[in-house]
């Protein structure tokens, strides 16, 4: 990536360190709850709204006590560029970006396709929640920056949805409800045992994941703004599919409790000052 | 009940008992909060007879004006001082002139009412909106100069790029101006500012200092 | 930019009218072109139109949208992780079966991924003799979508590309067909080009064309043995289909098919590539194959990818499908919600607020008895800077962009309607089977 | 200079409408009783207290988060290996002195790759999706040149030698030999006959979480803290596989012990008149400026000092814009830089 605006390092190709012994398998432990979430709003005072989220690190071998770190800033409502056509409602643009040091394989500075795909998912999830016609002729930019690899796209997406919803509430943009993200997966240890449905799966922990689904959920309205299901269901029976969805909604409700608690604290802290 | 905290999506009350104020929205006959903030309920002030009642030619019978409903609203004053507000039609705004063209003056809206904006919205003052009298003899460069601070009123949402503003009343117009020599000037008449150091006068559409 | 690329200029009144007619319950939705909710628009399809490819197809919809797909295959060397040597020299003693490389991780590290080895534990049909695991990886398929007027890194195009790729790779069956031996594999390039400007949401068209192109794809027959450098029979007539065919016409091609890892009984009806259907919901009605106008008023839209697995494959886990069911055994591969363009449409102004209709902003009196429409009651003069467009109850007949998401039950019903016996997916698959593959 | 007579504005409106007179009014209060302060309540020479915590990332070999007031920066250091065969015009370092030769391996072979990423939405004017702004590019090059000129990283730590071939490769005795202080690399370069087979390349990525002025000091402090926290796994050249392999066990990952602890301190000069000729009118030196002050001042001075080991060494002075700062002001700046060094030193320990 010879980008003349950045320092590109040596001409020759560099390879990440290759180890002589493969790492031991992650300690597979079953837990029937989502990982602990740390959520804090207001980390970027210069943005109109911001939030920061960390997921607890389930894998003891991995250094550091959290495995997924996400920061999100919201800039808006702000004026649209001159060329934009007249819009009676707010234009939502989302950017999802991995930090170069976030994943095992160092990522470049330009957004690749998986990040754009996450961006569209996030946009769909949030557009349902934002009351768009309250802010005519304006735009809002939601930037989600991933600082540490949660190892799996769907966990990352559910983290992005939760942190973006807290940041939007912090920015004071009208929403019908807070949006919470949740993931559930159909996991089977080995082929003899029947597959079990697990909430907030950590891929390193499970032997083989048959299917997983990530849901963006509006708790009080009990509606789903974005749903992403992937994998192979045994047979086409809808029963397993519905159970998987229910489990992910439970995960969403747990995540939403964290959002509500954090937003309450922001208001209390705010009142303390004013 | 005054200082309860509202999270977006929190049920506030049935929409038959309250009227939705700012920061709330209606969904299936219920009022929900749409902003993070504190709930305030404004009791309706007693209605004085609204001017000569317009003769309603609409067939729909004039409903009996039942007692007015209290307005419930969620205000963010508690949270952060940065409150994003959109210029509404009729708001009095403070803006800085950024560009002067014969047909219009382009300004950046900085303050709406008394809330300072983070983002800057673009506004346009057309010659015919500069003053109420002799609209056709207005010359823009005699009314505004780049860098002036102008108090104006929003008259329409305008086109996709900018809001339409007007300074057509006495208390609207330039409130702070810097002269060519770079010193802050003070108003001497309704259409002139004077530079204290050089003593020169410059033409402006002066706002009546109150 | 919503995932539909073009903005349809419909006035709020037209939108309200369309929404009203589509959400009728009693006689069912009345669609602008009079179709039944599950009726598809006619399409013309042909395959084998590009001689230089391993497989190609072209589909043209009735409304003039047209897509062409070309599939080309190349032999590629499989990268071997370094401690494969260490393992092979010391003999891989009970190396714990590394977790299956979840096919979802689209960004695969080509070089060594030190924590999780990539070899996929294909335990079920892997030929018993070779204890070596068949190393398949989702990177063997590269799919690119080209939509005229959009850059290819445009988020809408990327969303389409990842949806189509996801449908192909979701269950890992497809990638196993590309396995030649431990050192080499096929690398498949699918180029999907939408020829006409995207009149309606291009997803169903692109996925059906890909389906046909993959059905028509043929790979040269392998002549070399297990792990040697691959040698192929250059007689194109002897080339084998990617999806082995069970009908008699090309019987000779299928029974000479080389030892394929997923060589389920050749006689059984072969599995077919996935198709992605766009399902839309307005009110309580579920509508298939929506046109541009219908999508503009959709409350929610879902893309469901379904594939037909070889029905003889016994499901290890769940109760097997009753044998008497009809021949198709559908697998749900992926479901994604699509952001309906209806959220970007301008709202209508109810009479109670519209000055032209004498609903006055300042009228102290609430209008007639409609639910609780009570316009703002602040004095009209200097409106409070915070006063928004007054929040009013939804007035019947006045268009308002849908807020919030879709009900859980509605999403489940849409997916169920696609998968049900004799449902839409089977109807589409039957239709596609009719296309004679040259 | 008469301010508009009867116009009364709230302080926030005054700040927004005319920031320069607003800051001037704060620094030069009308009545002498109030002490002159800056708009953010600090004294002109007062810096913001830095908070630094390290090793917070799991995929980087070294990482640090630095918070300096409202400017928050996260820096990750990742080591990757490059074979000497892949380095164009590679010259084997003369084994005798190893580092004194004219050959500066870090600079010639580009082994240190710092990059500053500002387009992360850390401030309303830095939104993603655009190529790096000039500020981001200048910051990257300033960090790059300071890294090389201060010779912070000891290049001998970055060299990778072939493994000690011959005899049964018993891992155990190699390991306990590993953890001596710093000669263990020479353990391999037995009597210099082993040529360097590969190098470690350090990718230093600095990301701004929140931006409120004075980016260079914070970015440099983050780079420094992350490099001090970096532990590179022991790498060796495996002859029969012609590739570099690293030992999995963590305990023989060797930290890069850096030479010295250079700290940067920036101040900007605020002049009473916006367009100020030399010497006329009063001025203020604002240390560690925030975003509002940076916008109003066009003259900045940056001093890089290192007080490790008693005597103060000045590693770099850069001043651009404006004509106010003279030699005696420069001495005062070095003094403030020294107090800033103590602050950062305390935060890093």
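Going in written order, the chains are labelled A, B, C and D, and every chain counts its residues from 1.
The rule is simple: contacts are C-beta pairs under 8 Å (C-beta built on N, C-alpha and C of every residue); 3 or more make two chains touch, one makes a residue touch a chain.
Since the model is a prediction, treat every value here as computed from it, not as a measurement.
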(request) Quickly list, by label, the chains bordering both chain A and chain B. (result) C, D
(message) Suppose every chain is reduced to the average of its Cα atoms; which one is closest to the average of all protein Cα atoms?
(response) A
(request) Could you quickly compare B-C and B-D and let me know which has more C-beta contacts? (result) B-C
(request) Return the distance between the CA-based centres of chain C and chain D, expressed in whole Å. (result) 48
(request) Could you give the separation in Å between the centres of chain B and chain D, each centre being the mean of its C-alpha atoms? (result) 46
(request) Please work out the Cα centroid separation of chain A and chain D, and write it as a whole number of Å. (result) 30
(message) Going by the contact rule already set, what residues in chain B reach two or more other chains?
(response) 25, 27, 81, 118-119
(message) Quick check: what residues of chain A touch more than one other chain, meaning two or more?
(response) 15-21, 23, 48, 75, 78, 87, 103-104, 111, 129, 131, 134, 176-177, 218, 221
(request) Give me the residues of chain C that touch two or more other chains. (result) 82, 388, 403-404
(request) Give every residue of chain A touching chain D within the complex, in rising order. (result) 3, 5-21, 23, 43-48, 50, 57, 62-64, 67, 69, 71, 73, 75, 78, 95, 97, 99-104, 106, 109, 111, 141, 143, 145, 147-149
(request) Can you check the complex and tell me which residues of chain C touch chain B? (result) 358, 360, 362, 364-369, 371-372, 374, 376-377, 382-388, 390-394, 403-404
(request) Could you please specify the touching residues of chain B with respect to chain C in the complex? (result) 15-16, 19-20, 22, 24-27, 29, 44, 47, 50, 54, 56, 58, 60-66, 68-69, 71, 73, 75, 85, 88-92, 112-113, 115
(message) Under the definition above, what is the set of chain D residues touching chain B in their complex?
(response) 1-7, 10, 12-13, 15-18, 21, 124, 274-275
(request) Write out the stretch or stretches of chain A touching chain B in their complex. (result) 42, 48, 75-80, 82, 84-87, 129, 131, 134-138, 169-178, 218-221, 260, 263-264, 266-268, 270-271, 274
